[in-house]
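Scrolling down, you'll hit the structures one after another.
In the two complexes below, chain A is the common chain; its partner is chain B in one and chain C in the other.
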Partner chain A sequence: MSVFSPRPEMPAPSTARGIVRAVLLTLPMLLLIAMMMTQGELPKDSLTRAVTAITYALLGAVFFLMVYKKETYKYRAALFTIVAVCFSIAFIANLVEMRGSMAVSRADMLAGETPFCHLVIPMVIIPAAFTRTIIFPGSLLEGFANIASMLILWLGASLALGRGWCSWVCFFGGFDEGFSRLRKKALIKKIAPVWTYLPWAVLLTLALISALTLSPFYCEWLCPFKAVTEFEQITSFKILLQTIIFASLFILLVVILPLLTRRRTQCGLFCPFAAFQSLANKINIFDLRIDTEKCKNCRLCVKDCPTFSLDENSVGRGKTLMSCTKCGKCVDICPQRAVTYHIKGTPVAVGSDTARILFLYPAFIFMSAIGGSMIVSALTRIFKLIATGSMIG
Partner chain B sequence: MSRLKSVLAYTAAVLALLIALATFTGMDSFGRKLVSVTGIKVSPWMIGGEVVSVIEHEGYQTVIHRPVFDGLFSERKKGMLQIDWTPQQGLPARVDELIDFDRDGKDDFHIVLNPESNKAGLEAINPRVVSIEGCYTLKDGRAARLSLYHD
Partner chain C sequence: MLQGFILGIASGTACLAYCAPVLVPVLLGEGKNIQRNYVILGQYLGGRLCGYLLFALLAWAVRFPLSGLQDRELVFGVVYVVLALFLVYYGLFNHRALCAGQIIEQRPIKRFSNRLPPMPLVFGFLSGVTLCPPFLLAFTEAADKVAVWQSLLVFFTFFLGTSLYFLPIPLVGAFNRFDALQKVGKLAAVVVAVYYLYAGLIKIAGGVIVS
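Let's turn to the complex of A and B:
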């Protein structure tokens, strides 16, 4: 059989049984999402109520489609991108409302009012271990995105999903994922495997510099996502230089390279948190496996993995690399259906659909709990803009 | 044996769902617990050292923070001292002060601040005081950071 012949064991989603199964599996998720989104209380104003209903319908539909169609990647990627865009809209509108601009002032930093973000976690760990202080100008327990709640979110997601964080939780990842999906074909197809070590080099260098200087070097100098969230007010040549660097990195790593390569270049080739979070895959119960008996070695998965998490050796061993983000793309595109979600400690290719569903539940809870509120907030701002001509106020 | 392994593995997989739910339902209380158990604080390099003394003036206060020399393993030779003047509304056109930051009864430096332009001048009395690192706008006042040598 040619490797490009129809995929074996294709599910038959159009059957009534398939629909009933998908509905039954979606119902508990709908209940959980409703609990997460409303916390037992319906929003008071009618606009937020309507927007919450739209968001709820969107999340429910995406989960239903994932289960019914037995495909993960395209639905997840679309929602992931929507979440990233909505996060940015909501975050910026909020900042403008509170501070009057996207720029974070020294006053906000000295008052410890900078929202904490997971990207800084690998840099705060060594100083926290030695000095019991967090080298970030945020608030420990108060306000939006405080340090403690973000650490709990990260710990929970790391235990439940490992590096699945980078395809299901991170509110930045949807940017390079979105741009990587805009073109049908890649213009740059070959990327030397040596580049996949770069995030480790960046991680090591930044963790050391941050520990020695007791300052979050990545946030100050490199983080490309400052372009879509907040950045320091330009009051000196140093801050101007920092601004030029992060804006250039955003354009290059989050926009241009994903467009040209159809890969998530920021997440796969640069982000230090990505490298750090790969370690969480070691403790997480879910992984992806390749049934080497079914695999015809077409290397489609190697060529298409958004985060460079497969190579010929790993396919030969029937495993992904440690950096796998559990995005589901290789599962969906493999013509042999050789790649499956898997629960460590169970036989490969037995009960793979159960493994996928068991992974989808926690993954989707994280995605909808984080993303749901962002979509609601962004849609509310957008409707406000349409109705009043301004998102603010 | 492999059956037992599978049962444990599926149990752990179900546990992942419970962890996801617990993360959101218990986020605040877990967060508070994390802070109290680890005793972590925000680095004084970020928000200034703890406040050690407050000098009252007519209409405003001078807030002196602990000099910060904290390093990764031991104290650094060079550190930072933050002084705040607050509230903004009560600040005079020119703040002119002699400050004894180490509270040994002797003035350590003379600082002059123009709150309007946020520019300051420094005259060191104690040789440990090096220079002004910068002047900053606070939510409700002004701050200056000075670089200092350790004793």
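Let's turn to the complex of A and C:
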């Protein structure tokens, strides 16, 4: 059979049976999302109630479609992008409301009011081990995005999803995911494999330099997402330079390269947290497998993997690389349906949807827990803007 | 003599923190086993000792040559830039097992490479002459000495004290079966170079502005 022959369909139930199955599988998720979003009581004001209902319907619909259509990637990518954009809107509006601008001042930092994000985690480990101090100007327990809550969330998600964090939980990843999907065809098709080691090199360097300077070096100098969240108030040439670097990295790694390559270049070729998070794939029970007997070696998965997590050798071994984010693209695009979600220690059951569904539950719960509140917050701000002309207040 | 050693022991972790961003990528980039890594560490520490003894002589001969802030910034800025250039060279061009085609292609680099001492020695020397806080302490201590041998002895014992902290680092050789780590080490050397290049240029600019 040619690799271009029609994609073998899964043994699909009839439409009615398919819908019933999807509804039954979606119901527990709807219940969990409802509990997470309302925390037992409906919002008091009508705007928040309406926005919560819209978000709830959106999340429910996306999960239903993933189950019913037996496709993961395109629905996840769309929701992931929405979450990133909403995160940025909600975060910036929140900062402006609290501080009056996106810029964080020295006084805010000294007061420990810088929100903690997961990207800093690999940089704080070595200094914490040697100095028993977390080298970040944030609060350990108080305020939104405090250090303790982010660490607990990260630990839980790492155990449940491994590097699946980068495609299901990270509220920055949706930016390059979104830009990577805007063009139909890639203009840059070949990227030298050596660049896939760059995130590890950046991670090693940043861990060592953060230990040397006792400061979160990545946040200070290299985080592209400062451009869409917060940055230090420009009071010196050094801070101006840092701000220029943030903006340039964002434009290059999150906008231009994803557009040209149709890959998530920030996540796959630069992000040190992504490299660090790859280690979590070793302790996570979910992975993706390739049936080497079914595989016709068309290399479509290798060419299209958004995070460069497949190469010829790994396909030959029937596994993805350690950096796999479990986004589901290879599973969905394989013409032979040779790629499947898999639970470690169980037989590889190509064609079965069970492992995918079992993975979807924790992944979608984390995505909804993080993304749901961001979508609600952003939509509330947008409706306020439409009604009053201002997002603030 | 004991003073220098105790100073080294007391400030060894700071020395390690200053040297690790250069030493760790080099050890990974070489991809050797633990025993060979100790040889590389020996070369690195040898270079570092040369740098220290050079400063011991300076401390004794010139007495406080680092007191002028602008000179200090300029000198160490230049050292940082040179270190950065060597790191870039190490990360991108210093490949040992080149195929014939690559040797022809990279002939000028190869010729340059043949004239250089071992890279860990160069990095050790350049790290040894950069200005970390413990080093300044030792420098001040040595500058007080009357005889040259006393000054040298302070730096030598300081070096011995700080070197103890370097001993566990070659254990990264336990992971040398992972070929990927060699590539990571080389790339990390280039990323570290960017940091030192920036730090060097800022120091030079600061020195120029002050002077």
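As a convention for this text, the second predicted complex is superposed on the first by the 384 of 393 C-alpha atoms of A that agree within 3 Å, B and C clash if a C-alpha of one lies under 4 Å from a C-alpha of the other, contacts with A are read in each partner's own complex, and residues count from 1 in each chain.
We take it that a residue touches a chain if its C-beta (ideal position, glycine included) is under 8 Å from a C-beta of that chain, and two chains touch if they have at least 3 such contacts.
A quick note: this is a predicted structure, and the numbers were derived from the prediction, not measured.
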Exercise for the section: Applying the touch criterion given at the start, work out whether A:L212 contacts chain B, chain C, both or neither, answering first, second, both or neither. Expected result: both
Practice task
State whether A:L24 touches chain B only (first), chain C only (second), both chains, or neither.
Solution key: neither
Practice task
Using the superposition on chain A described above, determine whether A:L204 touches chain B (first), chain C (second), both, or neither.
Solution key: second
Problem - Which of chain B and chain C A:I135 touches, first, second, both or neither - result: first
Exercise for the section: Please indicate which partner A:V194 is in contact with in the superposed arrangement: first for chain B, second for chain C, both, or neither. Expected result: second
Problem - Touch count on chain A, higher of chain B and chain C - result: B
Practice task
Answer with first, second, both or neither: which of chain B and chain C does A:I147 touch in the superposed model?
Solution key: first
Exercise for the section: Overlap the chain B and chain C contact sets on chain A and report the shared residues. Expected result: 130, 211-212
Exercise for the section: Going by the contact rule at the top, pick out the chain A residues touching chain B in the complex. Expected result: 32, 36, 105-112, 126-128, 130-141, 146-149, 151-153, 155-157, 159-161, 211-212, 214-215, 284-286, 343-347, 355, 358-359, 361-362, 365-366, 369
Practice task
Provide the residue numbers of chain B that touch chain A in the complex, in ascending order.
Solution key: 2, 5-6, 8-10, 12-17, 19-24, 26-28, 30-32, 34-35, 38-48, 70-73, 82, 136-139, 143
Practice task
Give every residue of chain A touching chain C within the complex, in rising order.
Solution key: 130, 194, 197-198, 200-202, 204-205, 208-209, 211-212, 238
Fill in the blank from the handout: So, in the complex, the side of chain C touching chain A is made of residues 13, 17-18, 20-21, 24-25, 28, 180, 183-188, 190-192, 195, 202
